[in-house]
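The two complexes that follow have chain A in common; it is paired with chain B in the first and with chain C in the second.
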Partner chain A sequence: MSRKLYVARSPRIAARKLGEEMLVMAAQGSTLFTLNPTATILWQAADGATPIEEIVEHRICSEFEVTPEEALRDAEALAQDLAEHGILLISEEPITPKSPVQEQLRQ
Partner chain B sequence: MPELALQVEHYSTVIAVGGVAVRVNTTDSRFLELLEKRYSGFVSAKQTGEFEFDVELVESTFAKPWTEVSVGHHSGRWFMQRADFRAEWNPATRTATIQQNANAYSMDAVLRIVHTLVLAKQGGFLLHSASAIRNGKAFLFAGVSGAGKTTISRLAPADVTLLTDEISYVRLSDEGEGYVAFGTPFTGELAKLGENTSAPIAALYLLAKGQENRIEPVAVADRGRELLANVLFFAEDPELVHRVFQTACDFIHRVPVYRLTFVPDARVWEMIR
Partner chain C sequence: MSALLQEMSNRALRLGVPLSAQIDLTYRCNEQCVHCYLDHDDHGEMSTVEIKNLLSEMAEAGVFILTLSGGEIFMRKDFFEILEHARALTFCIKLKTNAVLVREKQAARLRDLGVESIQVSIYSHRPEVHDAITKVPGSLRRSVDAIRFLRSQGLKVVIANVLMTGNMRDHHGVRALADELGARYTLDPTITPMMDGDRSILDLKADVSELRTLFRDEAYVGNAEEFCAPPPAPSEEVMDSLPCSAGHTGCYVSPYGEFYPCVAFPLSCGNVRQQSFIDIWRNSDQLKEVRSIRLRDLSGCSQCAHGATCTRCPGMAFLEGNMRGPSTSDCEKSFARTGIPSKNLLAKKEKPASARLVQIQLVPTITGIRLSGMSNAVITLGA
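Up next, the complex of A and B:
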């Protein structure tokens, strides 16, 4: 059985959709990012409770012409990238305010 | 037997930028003179300030000369350091202690950092931009080094009051109805202090040098991106980053933002009224 990955928006960022673009500012380095359409969908759906597989199936595959396998691979890589920039949190467990990944941010 | 006591003289001056008065205390009268000369026009007649900076002059270096300023937050206090200074700022007591070399550049850096922290909470920011008042309205000219901030400042006609050629002070008005630009002593290549006055902001121009003078609208996402790219902010504190981000988003919805491409001659000011 394959592992499930969960993603949640980091509480250490500020974000606003301006026009058609999602601008995100991370506290880490006070850095500004502009999310592309796929990253915007992933970021908006990152509620900590929905596995990334489901986000890909229901939100990304329906929007772009891409196979589920390819979309999942790309989405996982993208989530990892966003996590490295402090924008998303990733865990193999659902992410709640008391999750270890959230606790780590508070330390 | 009476105790021996060393009498140390204390000297103070109050520097007010954006109406926020900072009293700087030192034991060195020559340093005080240097500050009063450096910030002339921004030295207030007040005896007290909203904030107190206690300066100790030292000859040490605190970091490698090429390193940028670092700002950290710990136990309710802010710590900032560069090669030429080390400072601790306590927002609760509104006091800072500064160890620095005897020059005004270090004080400039501390003032800028403290103002960014204070402004962030007040719905404002320092912006890498020139600014000027004409007909009672303030205009901001933002851009990276080389975009034309100094050039447009130098070309300003006599009826224009220059607020700064380098770093603008922007804050929501007391009534919360719009944004106001204040003069600053933070100078760029022009090396001329701004006038210590203020006016409501009528427009922000994103500068570009070109073959003709023209003003164009800017897409909303570009407005946000380019404004934020020019906001001075040093702290990695999530709450303050959130506030600055929200203020910038509010600003671009309230203040018209244009791209100003200009030929570097005085005619550009015919379009700015």
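Up next, the complex of A and C:
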């Protein structure tokens, strides 16, 4: 059985929906990003408690014509990319305010 | 401005979204700067609840970049409560402060809350000059200590250096201080009239010869020859362009809830205590009028040689009595830069001096100097 992956929005970012896209700025480096509609869905659903497979199944596959495998692969790559920019947190455990991944941010 | 942010601003303009806003949380201040045009008394500031409600309305309306300023923001005991609420609404927060009340504890909290940047006013690297402007002994030391605390937390700090007669020779020293502290640096030679119409503080502003020297300083302007070149004739596209973002994608709310197009443009468009933020943004007649103005509509400026490159501030023009008219301080900057007098300056030369210009509207006073936080060592010429 494959590992579960949880994603959560970083508490250190600023974000606002502008039209169909999401504006996101990471406090570190003040870099501005825009997320396209698919990435916006993933980002909005990233509550730290829902595994990424469920987000893909319920929020992305229902909206776009894409196979679950392909959507999951793309979503994981996207999540990794967003995590590298400090926009998203990724963990193999549910992410709560006390999670180690959140604690790292405070250091 | 980055290309992406410019693109987002253009999109916000098309969608009618107020992408950026400033709230002055208070006009009270722990410094008494000689060039400040504020009345520092509290005439009935918005309560914590009112400000939180306003923030929620702003987030709903699409405001992304939120500047919290004053007065001095740390004079409000509920400042961190307001800031926490703003960050929970995922605003990109910029702060403007003198930082006198910022110590290690406050700096750490600002870092935890993910503040994007903190702009700190520094007038000189020399205590005797800075403290004479703020009228608070020891204020330079306090502010510089605070910048060190903020930087030690990895926060982005922008030193804002307003230039006036008393500190005109110190900008290189302040810039060196900014470099030493790892802070960005901006300088601005703009002094704004008092909101009650008193223009006496304009005596503090740098004269044209001092501006000329500044505008030829390549440490600030890059290629001085290019920067000071005669302006090209304005194209049709420029004639149809917007004067600035005030009222188009940006706005301002005073501590008393007054809604203006910009902090430097005190045209009252409504009050958030009586109307919702979005209602004012969408339906204010005053904002509609501001939005209707194009360069070709400006009296004098539309025929001026500087039309294409002038940094004309509509707020300063409004303070001179006509938001469709020239802003003389920007005319002076254009003249100092290029040696070519503006149409407005030429007209003034032909006419005898008129009566003192007054601020017509009786509105609550607004905060000090408009200082844009841009890249390192940028002279802010205007909007």
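As a working rule, the second predicted complex is superposed on the first by the 107 of 107 C-alpha atoms of A that agree within 3 Å, B and C clash if a C-alpha of one lies under 4 Å from a C-alpha of the other, contacts with A are read in each partner's own complex, and residues count from 1 in each chain.
Convention: contacts are C-beta pairs under 8 Å (C-beta built on N, C-alpha and C of every residue); 3 or more make two chains touch, one makes a residue touch a chain.
From a predicted model like this one, the values you see are computed outputs, not experimental measurements.
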item	value
Touching partner for A:A14 - first (chain B), second (chain C), both, neither	both
Touched partner set for A:T34, first chain B, second chain C, both or neither	both
Common interface positions of chain A, toward chain B and toward chain C	11-16, 18-19, 23, 25, 27-28, 30, 32, 34
Residues of chain C defined as touching chain A within the complex	2, 4-5, 8, 11-12, 15, 17, 19, 59, 62-64, 90-93, 112, 114-117, 154, 156
Touching residues (chain side chain B, partner chain A) in the complex	219-221, 223-225, 228-229, 233-238, 241-242, 244-246, 249, 252
Residues of chain A touching chain C in the complex	11-19, 23, 25, 27-28, 30, 32, 34, 106
Interface residues, chain A side, partner chain B - complex	11-16, 18-21, 23, 25-30, 32, 34
